[in-house]
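You will see chain A twice below: alongside chain B first, and alongside chain C after that.
Here is the complex of A and B:
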């Protein structure tokens, strides 16, 4: 982390960048938050550790409009989002100085809580070069758990340790994949339509429409979301039943289909713990099966299967066959 | 709220027998905004149109809903009628209560209920309609014909004769198509070459016709009146301007064992070849896959013997880009593959052949120089069995559900010709039905039976079993005598079904022309617009639209030409005002709409915007009205809803959905 801070200060000092986009310590040891650093003294609370899950790519949309370059710290998986945003002309590559930061998987405080570790006062081992064991000082004494057990779901299906785009790299990355990316989706696919409906009814009925998933999603980058626009009746219509509100998530999944890089931010930020990434991953699985494997953001040139056409594309009749 | 008039058509009994039209009128009057509603027997008739016009004038209508047939049928009729009464034509909406309702329902109560819902949706939409004005676009006075068979040649000649330049793109090295492979033609038995080759010569010599042989359509963009087409002229490896067509290269080429496509594989050709002696252009091509020079780098015999120095091994594919006002598809057909019909032993015996192979065998320029002989041992056959409907009129998915239409007649022709030339040969035809609707067709068939003694047996063949003695045991049924037949034959001829050229799918996709489940191109209207594709500016000629014989193909080719000429004769076309527009404050500039636009109508510009006080330069999608065809692909792709289609706005669609569902 010190190397990252030193380099960031250096680039600020020599005028290469006008500001640094990273993470600063939050009010609790496990909730650092995205922040801009513009002066040397700002770096006092700069942090980059296992809890820095936030994908900073989306902040570059606004940062692209600012004077001068912005140094942005991107983890390997964040770089997919950045490239996808480049493809959509939403970020300006010229305005970004990308430091590809090392990553060995990010932590999920909910998983730690599920392991019975509550009342956390401080954490050791979450550092970027830290140990495989996390040690917590809690209100109830010292507790430990393995780093891997506390990782975010998305890190168990890690896309790899390679950065898709960067100006320089700082720190080692490790691939943390140890699970099948589509196992959960397959489980849902195997359900009967009634079971499936009941499952999503149950999950989505937890939604409080805080819009956190939308606001964090790098694919949800519309200047004005259809759900906020007075141009459409969708923003004003009263709901006919309680589930209709949840159509929000289904429409959102359609809007990001083919563009979602599977960064997993939606599920990470959901205060209600809804596995929102499953919608997107279902689309990704379908796209892989119907159009060949595709990873959004792996490039910034290709049109992507849903916005290009080839004669070999699946015929609409495939819907009848697949159900 | 518009002042809306609703007009419910009976369409004779087409609608009125299934939909309670009076009830639809009654319900329409209860809809908000509807100030007038009436029904009439034929709304499209002059009297019907006058009713609409009178109501517009008398009731000062701002919007009209006609509950009638498909908008593809009479939308223009009603829009024109409304325009004459001073209403903007785009203030007229059609509720399709015929195709979408009365024709597909039986129960009057249910159908009426649905008709009311469709009426409500149209009323809800027309409430949000705005007057639109059509623009104009120019017509490029040049036609493209895809396919150089008899259909394509005839269409091209007719268009050229009318004074318009026309290009023929033919995939193979020569024009002529299937007809050039035929020996004689029914029902007059004139020689196919004798009537086709002069037309081929006419086409190649016509000042208005340009031939692109050994070429394929690579890319099509644009729209009616203004298509831009990339044609790939494949490398012929022979300089067309130098070649004299002397044929020495073909004589000397050492690679001689390549199955001849023209002779259906029954004889061999060389690597440098013209498909047949009368080929046009009479310039060979080098089949690079089989050429020793291209395979090993050694050889070059053709280059050495060519006096004209025409051989060019370094020739490259060339892309020609040309603009056209009209495109005619004439891609023709091929015989189906017979691998699913192995009970007829086609793959097991050389003496089981298809009718097209027999056509080559009977032809003086064919593999046996016109002698009827068994391909296995060269002996003259004494007993020939024809099997009809191999893969045609097929109930299962092995073959085609349709009748290939030409087989009954060509089989009668084959049978007659064989009996005429070889009276000692017995000919038996197994058939399901004999279908001879055509001028002088039935007479022709009866001659085969009555004068030439061809033995027709109603019944299908179950199996053909090659015998150790070289004969073929044919096991069939005689349905009239109700008995099994076992017959030893020397030769079996299969009337294999025809199917559209497999390339047609690719071409249809490029042209956005629709095709049916059998890959035949769909016509705009089966009865009233049989040579037009539903896609404006695309016309259909020959078997690509459905099975046809030569006389029918030639008539249709002429009809397609007339339609193309009718288009080319216009200087300007009215454009569809239902084009997309982007809302500059909502546009993300993300390019997704441009990616899905099939017409290349969307570009981007950096524009200064004032978004409620936020002034900044943004990347904004811009639609070129002249290119946009109003397909709506952009509107459904745009995640922010910035793209909207005039005449089919998101709000209008939503209003329709709400009217139907809520």
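Here is the complex of A and C:
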């Protein structure tokens, strides 16, 4: 982390960048927040540890409009989002100085709580080069868990250690993949239509329409969302019925299909723990099967499978054939 | 004081539910929220905080106010019936009950909100003391004692026994209706006092318990409103409504019409000051930036509300925003940022 801070200060001092977008230490051991650093003294609060899960690519849409370059710290998976946003002309590459930061998986405080660890006063082992075990001092005694058990779901199906775009790299990354990316999707595919409907009904009935999934999503970058527009009946502030609960999420999944990089932010931020990534991952799996393997954000030039036409494209009838 | 063994709680819930509707913390797809009790509901009394506060028992996220039905050339308007059935909310925590006090100030002041008032009249609250407060809790800062919740009935879960103390007439009535399940226990007071002492000892150690509210009151409006700190504080905010929707005191709502195809359902639903069309008026929006929206939320809780309600804050320290904000922002960080600035001046 010190190397990152030193380099950021250097680039700020020599005028290469006007500000640094990273994370600021929180007031609890597990709640660092995305933050801008403009002066050397600001860095006293700079932190980069296991709890820095936020994907800063989306913040670069706004940062692209600011004067001068913004140094942004991107983890390997975040760089897919950045590249996809470049393709969509939503971020300006010229306005970004990307430091690809190392990553060994990010932590999910909800998983830690689910392990029965509460009343956390301090955490050891969450540092970027920390140990494989997390040790918590809590109000109810010392507790431990393995780093991997506390990782976000997305890290168990990590896309890899490679940064898709960067100006320089700082820190080592580690392979954290220990599960099949599509295993959960396959489990749902194997359900009967009735079971599948019941599964999603149960999950989506928890939705409180806070829009956190949409607002954190790098693929959701419309200036005005159709669900916010008060000029049409599509505006929804609450789910009036179970149809609307599903409509919002299904429309969103369709809208980001082919552009979603599977960064997992939607599921990370959902206050009700809805596994929203499953919708997107189903689309990704279908695209892989119907158009050949494709990873959104792996490049910033080529047309994606859903935005280019070939005579061999899958016909809509495929849905009826496959069931 | 009365008691009932934990293993008999299902019988207690069955009994209550046979007499009136029962709301309590229920786990659904891994998350605990207040919901209606049923035989197959997975009751969870161990999780300290429900994701959403139980305010929706009195103030639902979405409720129809009236329905217009078109039948040929005839238009009929059917008002929505007010709550007429009695119901029980079991397991509310002290902070959430304080949250209802805040809502009372809003909805029971003139002009009284009849939908809310009817629910308050018909609801009996059984409060549960917080056995193991967590690091995100700061109810003590707002003068709440989570070891001694103030409701119609106060209850404590101590090991395998639930202790039950009616506090109001409503509470006495409910207790009387459960007489065959609750047993009087003369030694209960002592056990409850020991539990209360243990809870209070934990509260003293909570990281937020010593948070100072100095400088936040109804008289500092312009000073706080114009502070340059807001220029920085709002920046990570994603403009989602998580903080407002999990909050026990956020009370703003919007009124909208739902086209049913053969009429209109006029309903109201929770609104969020974080949203771009919040308080949108004919001339447009009076808060056009996220900074202004972000500032509104905290000014409302810590300045405007106390100014209009004899100093009462509209934050109760439940800590849900601390746990749930996707960008790790929260009211504590805001209070601390102003405190820090005050210290430096």
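The rule is short, and it goes like this: the second predicted complex is superposed on the first by the 313 of 323 C-alpha atoms of A that agree within 3 Å, B and C clash if a C-alpha of one lies under 4 Å from a C-alpha of the other, contacts with A are read in each partner's own complex, and residues count from 1 in each chain.
Following the convention adopted for this analysis, a residue touches a chain if its C-beta (ideal position, glycine included) is under 8 Å from a C-beta of that chain, and two chains touch if they have at least 3 such contacts.
Just so we're clear, the structure is a prediction, and the values are computed from it rather than from any experiment.
*Asks:* Given the touch rule stated above, what does A:183 touch, chain B (first), chain C (second), both, or neither?
*Replies:* neither
*Asks:* According to the stated criteria, A:231 is in contact with first (chain B), second (chain C), both, or neither; which is it?
*Replies:* first
*Asks:* Applying the document's definition of touch, where does A:308 land relative to chain B and chain C: first, second, both, or neither?
*Replies:* Only chain B; A:308 stays clear of chain C.
*Asks:* Based on the superposed arrangement, let me know which partner A:319 touches: chain B (first), chain C (second), both, or neither?
*Replies:* neither
*Asks:* According to the contact criterion defined above, which of chain B and chain C contacts more residues of chain A?
*Replies:* The partner that reaches more residues of chain A in the superposed model: C.
*Asks:* Output check: A:35 vs chain B and chain C. Expected answer is one of first, second, both, neither. What do you get?
*Replies:* A:35: touches chain C, not chain B.
*Asks:* Of all the chain A residues, which ones make contact with chain B and with chain C?
*Replies:* Shared contact residues on chain A: 233.
*Asks:* What part of chain A is in contact with chain B in the complex they form?
*Replies:* Contacts found on chain A: 65, 87-90, 221-226, 229, 231-233, 255-256, 303-304, 307-309, 311.
*Asks:* Touching chain C in the complex: which residues of chain A?
*Replies:* On the chain A side, the touching residues are 26-28, 31-36, 54, 59, 109, 118-121, 138-140, 202-203, 205-206, 208-212, 214-216, 228, 230, 233, 235, 237-240, 268-269, 271-274.
*Asks:* Can you tell me which positions in chain B touch chain A when the two form their complex?
*Replies:* Per the touch definition, chain B meets chain A at residues 505-506, 509, 583, 585-592, 595-596, 598, 604, 611, 616, 618-619, 637, 639-641, 650-651, 654.
*Asks:* Any idea which chain C residues touch chain A in the complex?
*Replies:* Touching chain A from chain C are residues 28-31, 33, 48, 51-52, 61-62, 132-136, 202, 205-207, 232, 235-236, 238-242, 244-246, 254, 256, 258-259, 265, 267, 269-272, 275-277, 280, 322-324, 326-330, 332-333, 336.
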